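The structures come next, written out as structure tokens.
The two complexes that follow have subunit A in common; it is paired with subunit B in the first and with subunit C in the second.
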Partner chain A sequence: MQLNKSTTPLRLGLMAASCALLGAPVARSQVAPDGEQPLLIDTGLLYYKEDQGRVQTIEPIVNLKKNYGDDHVLGVTLTFDSLTGGSPNGAIPSRKAQTFATPSGTSLQPVSGVPQTYTTPSGQVVALLAKVTLYSVNPGQLPLDPNFHDRRIAADASWSQPMGLDTHASISGHLSNELDFNSAAVNGALSRDFNGKNTTVSGGFNLELDRINPIGGAPVGGTDYIQLLKGGNKSKNLVGGLFGVTQVMSRRWVSQVNYTYDTSKGYLTDPYKIISVVDTTGASTGYRFENRPNTRTRQSVYVGNKVYLGGEVLDLSYRRGSDNWGIKSNTVDGRLRIDLGNDVYIEPHARWYRQAAADFYHLYLNQADALPTYMSADQRLAEFRATTFGLKLGIGFDGNNELSLRIEEYQQKAAQTSSSLANLQGLNLNPGLKSAIVQIGWRYEY
Partner chain B sequence: MRDSSAKLAVESRDGGIVAVCFLAMASPCEVLIETGDVERCRALGMLAAKEAWRIEAKFSRYRDDSVVSSINRSCGSPVEVDDETASLIEFSAQCHKLSNGRFDITSGVLRRCWKFDGSDRLPSPAEVEALRALVGFEKIRWEPPFISVPSKMELDFGGIGKEYAVDRVLAELVAQFPAAILVNFGGDLATNRAPASGPWRVGVERPGSEREAAMLLELSQGALATSGDTHRFLLRDGVRYSHILDVRTGWPVPGAPSSVTVAGGSCVEAGILATFAMLRGADAESFLDEQGVRYWCMRS
Partner chain C sequence: MSLLRLVGLTAAAVSLFGITGCSAIGVKPWQRELLAKKEMALDANPLDAAIDDHVYFSKEAASGGRGFGGGGCGCN
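So, the complex of A and B:
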């Protein structure tokens, strides 16, 4: 029972009398939009793991939401991420063992008294800085940097409120910090209702500024890996806009269409990724640091639907994305929430994703070919298909409180995984990815 | 015995809600449940209707076989009452105390001289005085479980019966089927929680503006009760006499609003606060402000 210092003796007496009459605790009344709502606390712990010794993450997250009444809502989210494991460095497997330097390697200046050398695939011997750590990869294995680790802290805050009768505005800010990356973003949106709240038109903008401080410095893009030519810190920014229409189609069906557009400028390359160079037989002759354009423009169209089918709620959406790097994508996502009674529900989830490769994506480079201006072997820019299947279980209790468990499994398969070159025959050059997520959530009204 | 099956209407509403409608306590009643199972809804609706009819039958002063009628016929002899009746009497006793005597379930006899039919026929002071002698909860002997009501005095649960029924029905339905449920008996309503599609949208009629668009509230938990009825009044020499009687004088409370709607944790609590506010007449709003509850007052 919510008591504040202004609860009169008469009100207390009435509450007690009603309690006695009805034999049950007297709940608070919640009438919106005037009334103030209790604080809603949403917490979760997520565990993410990729197969084959790749990345794993533990992520605790806390979200607080407070409605001060009249739809004035403040939201605060705090996220902490800890990532460990191995991450592909972009090179392809080889018939021979391969050796790489970790990102902290910065120069070839030998340090007297501490001899350390690195032999390139073509037999050249190069002296290295003592602090460079090397790692080796067995023949046939996908090269992963096993020293990959990162930790991320992020904070988000948002405020939304009505502006007049049919208009709603919101503004939010975001700050995040990683070992090698800092980001600040601000987002604003305005929406307006028409047709007795059956139609809502919304528009928003998004601004993001990032500072990238790669460990060891940002490599000069496209240069020979063994030279370990590294520069300093980098930055990039993003400006974007969104326009959307939400429409109540029938008593049981709400639909939404969104168009988004954004432009990024600055350092868009992954400083830790390289691309293998092979000769005509497929044997490795060396590597290059990847190099991506310094601008990227993306557009997407999203159509979402929420349908009430008796006791179940279906969420079905389609998104089509494209950008000026040549990546086109299609996503179909479906969720079905099924009420099992007694405040318990399950929600199966399925997602299908397909993407075409970036124009400058290459699984590897041929030494004989002219060096392209832009190149990347990052499998996230390749042509691939991915599917996700998941199940969420939610148990509600005491009003708005809920305990939930979510399990999801993700599989990604690349289109190009092999080569006809002699020394690469029989090798799976892009084994794809399998990962699983387990997340426990607890939502509590305070 | 009513032919129950004929009296229920089931219809589906927006956002995955099914409604069961019936008549009880001289009001249109509806039970809204968030579910796709129409048969389940019909069964729950029948449960709700039966409970509403049961309470109506038990506490109605119009029925010879009701508990209230047997108490009112007892001529001063002690009557043993069951737990439910005892709770209601106890609750009424508390309300009598908390309202400093303004709320009184023995005030029903005053309706014999006050007929609020919109006419200008006021009773004479002598008539009012005669009946006022028969009013006063302090004259009742309440020694649970025995109640002794002196001759010619009467108990009337009309002021709390409907709200009590709303709360009881909601509790019973939620115990059977914990979905989001809203119980609405003629404007006195309560809900356990909001459906997934958002808070319940409740229209509160503004008497006097006839069928004009009601005030729309969004309710996610708790109850609303409305006191007042613009059709029950008397008008003479330009003075409007509302049907809310001050038991200490036997006359209508001056300056009472035409209707008060209050939000509370339970329908019973909301209803009593609305009634208390009406009994304060011109001070209705300041009384409710003091109590720190959400309310909407209409004055014509």
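So, the complex of A and C:
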């Protein structure tokens, strides 16, 4: 007999998720799953690989949750990422071979006779050095920086506990380090139950501070790539909030609605992205460093559902997002867990995503046009559709162990892939993306 | 979608929950045996969700919804 009220798996799950700031759920449901787990170890190993020699990632992740009784739960998550492969630099394919500098390069110009610093029209003094490493891209090929690599170490910690009979509180922190990026964040949430614990209202906040230390320096946005004007380190911050309602709809159905709002300020430009400049025939005449606004406000409405279908469990969600960059998105995500007996289950997964382009997205710039203030050819800001199809296999054993294997394919198809300009006809200017996701998991409950 | 429309949509959904949640929907404590199953938790697989959110955050312009769509990563 256990004297202390043990934390339910649901709340343990809440803690794990609130540890990870990416997609951390705040709202919780008043559903009390069976079983008690004073300690839960949840581990995963992700292998992510894009086609055509692009980015690949290996990511081990470990999550520990310790229940100290009466719903007082500590959660710790450790994550390690290792990324290699080719990353699109933003330029479009060309009929001729193209040459670029790696981010560590700081000038394409000869050493002699070049000033070592440069003052921009706004008065900023930037470095103009001569060390450079070049890479070439064959005609018709999407320019990829073949030297892309990074590694990330992240640690999350969280604490959750009741605040009276019907109120629950949680707080969590995050620290991460990359070769060119450091991040610290804190978030907190309060939730309260109503209607016989059938309704839960939640609210939370999130504060994130990031330091960006681009390899080779942060380019001066919008400047001519040939000059490789670089500045010092940059920073940005994000302040966000979430309001959510979770409702038990019936014996078989629980639903959740969230509204999120956040504002980012600071250096929101990708320091490694450029944009092609072409003449009236489509021939490349040069490149510009991309330049994004230094503020961004996002909001989203998310509706999630769990439905018990006579043995199978359907997880179906919809998300509508928008921001002041003009990007609107729709996401539908569905999973169906099918119990095969003997603690074995499979879970097919399908996801559809569609987004509009940012207002300042351009596939390329026309040399004859006036130079816009903000510009980016980052494919992640383009209009595109994406799909994910996958299958997960889970095998339970010894009553408290579960091994799982998840295999998925993710594919992006851009809306704009061609141009009518003579030198660009027949070229696929945004070939999209296809990637494989393989995840092995092991979960152990004491 | 404008801010007002998004807020309105959320408010409408919340109101629907609030109005109907008091009477027509919901269950008694002894009717929760199916809802109490681990796989019925809204976040039954938080590790999967965290990995998915990280992948999509690095490849798409939108993120979050289930929770905060923050960052903690220089990948986007």
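Just so we're on the same page, the second predicted complex is superposed on the first by the 382 of 446 C-alpha atoms of A that agree within 3 Å, B and C clash if a C-alpha of one lies under 4 Å from a C-alpha of the other, contacts with A are read in each partner's own complex, and residues count from 1 in each chain.
Basically, a contact is a pair of C-beta atoms (placed from the backbone, for glycine too) under 8 Å apart; a residue touches a chain by one contact, two chains touch by 3 or more.
Remember, predicted model here, so these are calculated numbers, not experimental data.
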**OP:** In the overlay, answer first, second, both or neither for which of subunit B and subunit C A:Y308 touches.
**Re:** both
Original post:
When the two structures are overlaid on chain A, which partner does A:N291 contact: first (subunit B), second (subunit C), both, or neither?
Top reply: neither
Subject >> Partner chain in contact with A:R251 - subunit B first, subunit C second, else both or neither >> reply: both
**OP:** Pick one for A:T269: touches subunit B only (first), subunit C only (second), both, or neither.
**Re:** neither
Original post:
First (subunit B), second (subunit C), both or neither: which does A:D343 touch?
Top reply: first
Original post:
Is A:Q98 touching the first partner subunit B, the second partner subunit C, both, or neither of them?
Top reply: neither
Original post:
Between subunit B (first) and subunit C (second), which, if any, makes contact with A:S202: first, second, both or neither?
Top reply: neither
Subject >> Per-residue contact with subunit A, leading partner among subunit C and subunit B >> reply: C
**OP:** Could you look at A:A185 and tell me whether it touches subunit B, subunit C, both or neither (first, second, both, neither)?
**Re:** second
Original post:
Which partner does A:Y48 reach: the first (subunit B), the second (subunit C), both, or neither?
Top reply: second
Subject >> Touching both subunit B and subunit C, residues of subunit A >> reply: 10, 13-14, 16-18, 20-22, 24, 26-29, 31-35, 251-252, 308, 313, 337
Subject >> Residue numbers on subunit A that touch subunit B, as the complex places them >> reply: 1, 4, 6-8, 10-11, 13-18, 20-22, 24, 26-35, 251-252, 308-313, 337, 339, 341-343, 399-400
Original post:
Along subunit B, where are the residues that touch subunit A in the complex?
Top reply: 13-16, 35-37, 87-88, 90-91, 94-95, 97-98, 164, 167-168, 171, 177-179, 193, 196-197, 199, 217-224, 263-266, 268-270, 272-273, 276, 290-294
Subject >> List of subunit A residues in touch with subunit C within their complex >> reply: 9-10, 13-14, 16-18, 20-29, 31-35, 42-44, 46, 48, 59, 61, 63, 77, 83, 150, 152, 154, 174, 176, 178, 180-181, 183, 185, 187, 194-199, 204, 206, 208, 210, 212, 238, 240, 242-243, 245-252, 254-260, 262, 298-304, 306, 308, 313, 315, 317, 319-323, 325, 327-329, 331, 337, 345, 353, 355, 358, 380-381, 386, 392, 406, 410, 412, 433, 437, 439, 441
**OP:** Show which residues of subunit C lie in contact with subunit A when the two form their complex.
**Re:** 1-3, 6-7, 9-10, 13-14, 17-18, 21-22, 25-29, 31-44, 46-57, 59-76
